[in-house]
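What follows is a set of notes on a single structure, which appears directly below.
Chain nomenclature is as follows: A, B and C, assigned in order of appearance, with residue numbering initiated at 1 for each chain independently.
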Amino acid sequence: MGEVLRHALAIAGKDLRLEFRSRTAFLSALVFTALVLAIFQFARDPTAVSAVDLAPGILWITFCFAGLLGLNRAFALERENRALDGLLLSPASRTALYLGKVLANLVFVGLVEAIALPLFAIFFNVPVLGVLGPLVAVIALATIGFVAVGTLMSSISVSTRFAELMLPVLMLPFLMPPITAAVQMTARIFAGRPFSETIGWLKLLVAYDVAFLVVCILVFEHTIEE
Amino acid sequence: MAPPARHPVLAVRDLARSFGPVRALRGVDFTLDAGEVLAIFGPNGAGKTTLLRILAGLLRPERGEVLLGGQSAVRSAASQRRRVGLISHATFLYDGLTASENLEFYGRLYGVRDPRARALAALEAVALAERAATFAGTMSRGMLQRLAIARALLHEPDIVLLDEPFTGLDQAAAAALRRQLVRLREERRTVVLVTHNLDEGLELATHTAIQVAGRFVECAPKDGNAADYRRRYAEATAAHG
Amino acid sequence: MTAIETAELALRRSRALMVAALALLAAVYVRALAFTPVEATQGPAQKIFYVHVPSAWVAFLAFGVVGVCSVLYLIFKEPRLDRIAAASAEVGVVFTTGVLLTGPIWAKPIWGAWWTWDARLSSTLFLWFLYFAYLVLRTAVREQGQRARYSAVLGILGALLVPFIHLSVKMFRTLHPQPVVMNPEGPTLPGSMLATLLFSLAVMTLLYTGLVWHRYAQAERDEARADSAADDAR
């Protein structure tokens, strides 16, 4: 168990070092996120609906886009020089490989979200600071589910034709439950509703995260070994 | 009293593997001990790469067994992978990492003590010590090959597999590789070398095999000179190709 | 018998089953239109329910089959399981499309809108997206073994997803109470309506079985033909 974690951390560390050295993917994801947020501002009728009503949806759709951009890199980076073979040759277990990629993706997507959130608060004048704790918890939970499934899907999509198009097609049905839960919980958090109203969604989100993490770990080896 | 039976370093029994309708390997057997070098010659499509990938643990066989020191490498795959090193025409290196970072990373995966020190020592062994901080993406083919060798040998594997390692190497790099292989033999490691190049292979080998259409047509201690082999190779490929 | 002959026998048999099922389906229509009472509040338009609901049931059943075959495939690596899963997915997407088309045809006269985000229809919509992902993935992977593996992984994850989608949709809808509408699946369904529904359900399942068998037999025959062509070439 300890070895799995050690290997996963080594792999995640390697991924993050490569990622932040080149910075292209990260900066692109950031700029893209800012762009999406900006476009949303003009993609609505300001007289018809208040920003606060639409805000949770806007926030989560933005996170989705950013996340999808980030997920593709994880296994694309192993294609150069067939580095994936190097990883498979090593004593690192397939679970360690999966967890390492998930960790790296969590950091990547998490950082984009961390920068997008204040931007969102500023653009849409949403008071985020007062509810920061619960909000961050919801973001973390939904992101875990999203990244767990997305990492697995990207290991499949990376070796198909039209990989960049395949990933969203594969991913989007799987995003429905966590995004629905996240938006509902976010809306209630912004509206200052009592916690009891969100318990159902919280349970759904946690159940989703656990179920999919476990199943993804179990099936991952079939996506990379012949 | 006879000494207790020692398991051979590498034993392969009836290895078979298909990809859909294509039967890449149809039953391969051989045994190798420490210090022995098996050179496998064969035309394209003979299944040589498939054989190496199974030996390296990258592929699972459909039938048969690979025994490393008497223990199955197919069933206890992860721990057995530690005993094997693979050098292929792909380098398995990250362009965005420096030479030493690449080696340190692999060192960590293989659980070597003090990965940084081992990485530097490995770089010295392949005369790349001054390039420790150079990014792999900027290195020449010859340097990359040396770095790949350092990577493959970092964890001091008992068994070293080489898949057409001389491809695309210039004279100097090829000579360096040859010296490296001789050193492996002297260090009593077990080597399986797949190559097109009859001359290179024969020079280093203690045993030879000719593989055609997924099977070994012959497999024996080295016997004869290059001309003999060229003849036998031509016959084998004509008969089974 | 050679593999090709076995496959062609299966093709003939499954074709017979399909024809029988289609004939029975016609009987279902006749029964539904002529011999089942017209529902009081919704009128004749409600009759589409006898096609719509069983199709939905089969649509979900088909993905269940995909899920089970996917798990079995990863354990046994038997290519036939992959072919069954693929056949079930192809038939399943057709049934799902049927549900999504008959839903609006019913909704328009009753509710005045082409689409309503009611729980079943929403779940079925996401099922359709799941099928689409599965089938598109299969076309995007050339090598057989890889295609089977990837499809199996997606099939398993997809089957796990379906209950979560149901739950999400349900929880979402309890927030938005719908206008009180005659619910065709009310607690009491008069005897003859229930009988028609069950009859239709049985026939739809039979039709599904026939179609999947037929599609599977086609795949087996194509595979057998490809094998013998490869053998001849050798």
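Before moving on, here are some points about what is shown:
Quick note on the criterion: a residue touches a chain if its C-beta (ideal position, glycine included) is under 8 Å from a C-beta of that chain, and two chains touch if they have at least 3 such contacts.
Because the structure is predicted, anything quoted here is derived from the model rather than measured.
Because contacts link each chain to all the remaining chains, their graph is best described as complete.
Between A-C and B-C, more contacting C-beta pairs join the chains of A-C.
Distance between subunit A and subunit B, defined via averaged C-alpha coordinates, is recorded as 40 Å.
Spacing of subunit A relative to subunit C, judged by their CA centroids, is 32 angstrom. Averaging Cα coordinates per chain places subunit B and subunit C 50 Å apart. Within subunit C, residues 145 each touch two or more of the remaining chains. Counting partners per residue, subunit A has 226 as the residues that reach two or more other chains. Among the residues of subunit B, those touching two or more other chains are numbered 19.
The part of subunit B that touches subunit C in the complex is made up of residues 19-21. By the touch rule above, subunit A contacts subunit C in their complex via residues 149, 152, 156, 159-162, 166, 169-170, 172-174, 176-177, 180-181, 184, 200-201, 204, 207-208, 211-212, 215-216, 219, 222-223, 226. Partner subunit B is touched in their complex by these residues of subunit A: 3, 6-7, 10-11, 14, 17-18, 21-22, 77, 80-83, 85-93, 225-226. Listed in rising order, the residues of subunit C touching subunit A in the complex are 74, 126, 129-130, 132-133, 136-137, 140-141, 145-146, 149-150, 152-154, 156-158, 160-161, 164-165, 167-168, 171-172, 175.
Subunit C meets subunit B in the complex at residues 143-145, 226-227, 230.
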